[in-house]
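Structures follow.
Next come two complexes built around chain A: one with chain B, the other with chain C.
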Partner chain A sequence: MAIAKKAIVWGLFAAGGTVTAFVVPALITLFLLVATGNVPDGLQFDQFHAFASSWLGKACLFIVLFLSVWHAAHRLRVVAHDFGIRKDALIASAVYTVAAIGTVLAAFYLLTIG
Partner chain B sequence: MSTRIRDMELEIMRYDPEKDEAPWFQSYTVPCNEDWVILDAINYVKDNLDTTLAFRWSCHMMVCGSCGMMVNGEPSLTCKTFVRDLPDKVRIEPLENFPIERDLVVVLDDVMQKLHQVQPYIMRKDDPPAEDVEYNQTRGQLMKFKQLTMCINCMCCYAACPQYALNKDFIGPAALTLAHRYNLDNRDQGKSDRLNILADHDGVWDCSFVGACSEVCPKHVDPAAAIQQMKVDGAVEFWKQKMGIVGDKS
Partner chain C sequence: MSRRPYIRPVSKTTWYMRNKRYKVYVLRELSSFLVAFYTFFTICALAILATDSAEKWDSFLASQQNTGMVVFHAVALLYFLFFQTFPWFKLAPKAMPVQVGENKLPDSFIIIGHYVAWVIVSAFIFWLAGVI
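The block that comes next holds the complex of A and B.
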């Protein structure tokens, strides 16, 4: 007996859940504000671009994106199970592959900003 | 003192595996005292209407944990469920998710084995202390797990748990909670050993944190919270083992 590898994905899921619960609602609100033309000070394009160009900014954005996508992946796997879909290995590889691609894309696009 | 009497219709599930092909329902009309608990009404049936009815109970005071049944679909301790809180028609069934032994009696072998499997006893790595030395424990150290010791093994939580319903190999709420009680005990040094069992497949990770167990628990043990804490412990222990850090809390 040993601790199952589920510990890894659960760890990402839990961290992602914490981050998304706090950060994502704020991000959505800000996104809607910006989309309706009420851009708050500090979120002007130039300012935000500068933030995303700094290594600290990239790191913050990467953590939020990376954890959110892994949280979502694991949540989908659990929901599929709850809905009675009994192909856990297949579902797990599918959702985690998407999460892995999302992680790579997030890193790639963040690195192109600058 | 109010001693209002109300006629209640009890629809009780009957099943004798030697005679019946499938479980069926039998109705009894019971003149219930509003101060009764539903177990009193079931005992009335046994004493006055039908001596063949089989069910478990012992203490009538929320201690022995043997009187768990489904009352109108809810896993309930029948000695804690008051007649005055129930409608005129009540359906009594054996606890969900367990094989039926007879009528309202279920087979609990599976959870008994699980309670045993999680090593629910204090394990020490250090040499035992001299014979006349006691393990001292402060009030604060006791309070860390006292709530978890309130469990009476009524198994209402297993009857409520959707994951146990799907996978009978899932260790499940009460057994995981019992293990966590020992993991949190400052006298114990067996946490990493135990986590190898608890955080394996069919251990804590199968819990989807629906919280149904905590909702039905008659002793407010909150097994769902204990399991989530154990997931954190399991994840930390996993990385500790990967990095070669072995060791127990002292």
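The block that comes next holds the complex of A and C.
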């Protein structure tokens, strides 16, 4: 049982690491463009709403958010250990609960759009 | 009875400060905060989009347009590239060695392949967002 659980969190960590390494720099660049006042056409309400309303758009956004949030959760668990917090069971349940909430919220909002 | 072994005292909270490799390791690990931040930031943006209100979306975009956010995103982008994306590509040949016949594919092939794929993925996202 312990091995089976470890394979799942490790698999999500690896997949999430790859997806975030590839996608997040472009995502931050888009937010940077928004912050400078040069809002890209694709992030204007009509276009972005249409994208998030399509099933392909919903699927892409959900996969990226789902993998990112579980990747972050697993690594923050290790960060807590690195900074001297040795209550792993407590930390693990906290970060994975937040990741589960993030997953549910992402799914809920994506299903609500459109 | 065994002798009491000598255990060198090591701080649980500042152990990484005595070695450059450890410092870089901790800097890499801290990029996980950026992953968490941008994931929940995007989820918040989707929450506003889910109201189906163009006005609320426009006021969200307007609220993001200030010097503080420009500096934050610029620093975050550089930090993320140097402590997440590039190290991840560097370790890829260790994590996923590719064997062709009797030989292993050289590490540089796998690393360059990742950079090429990254440029293509980023270009696709920018095309999708209407930047290019």
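As a convention for this text, the second predicted complex is superposed on the first by the 107 of 114 C-alpha atoms of A that agree within 3 Å, B and C clash if a C-alpha of one lies under 4 Å from a C-alpha of the other, contacts with A are read in each partner's own complex, and residues count from 1 in each chain.
Everything below uses one rule, namely that a residue touches a chain if its C-beta (ideal position, glycine included) is under 8 Å from a C-beta of that chain, and two chains touch if they have at least 3 such contacts.
The model shown is predicted, which means the values in this text are computed figures rather than measured ones.
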**Message:** After the superposition on A, what does A:D82 contact: first (chain B), second (chain C), both or neither?
**Reply:** both
**Request:** With both structures superposed, pick whichever of chain B and chain C touches the larger number of chain A residues.
**Result:** C
**Prompt:** Thinking of the overlay built on chain A, is A:T18 touched by chain B (first), by chain C (second), by both, or by neither?
**Reply:** second
**Message:** Which partner chains sit in contact with A:W10 here, chain B, chain C, both or neither? Use first/second/both/neither.
**Reply:** first
**Asked** So, A:L105: does it touch chain B (first), chain C (second), both, or neither?
**Response** second
**Prompt:** What is the contact status of A:V34 with respect to chain B (first) and chain C (second): first, second, both, or neither?
**Reply:** second
**Prompt:** Which chain A residues are contacted by chain C in one complex and by chain B in the other?
**Reply:** 14, 78, 82
**Message:** Taking the touch rule as given, give the residues of chain A at its contact with chain C in the complex, in rising order.
**Reply:** 14, 16-18, 20-37, 39-43, 45-49, 51-52, 61, 65, 68-69, 71-73, 75-76, 78-79, 82-84, 86, 102, 105-106, 109-110, 112-114
**Asked** Which residues of chain A touch chain B in the complex?
**Response** 1-8, 10-11, 14, 78, 81-82
**Of chain C, residues touching chain A in the complex** = 11-13, 16, 26, 29-30, 32-36, 38-43, 46-47, 49-50, 52, 54, 57-58, 61, 64-66, 69-70, 72-74, 76-77, 80-81, 84-85, 88-89, 95, 117-118, 121-122, 125-126, 128-131
**Request:** In the complex, go through chain B and note every residue touching chain A.
**Result:** 162, 166, 195-197, 199-201, 203, 205, 208, 231-232, 234-235, 237-239, 241
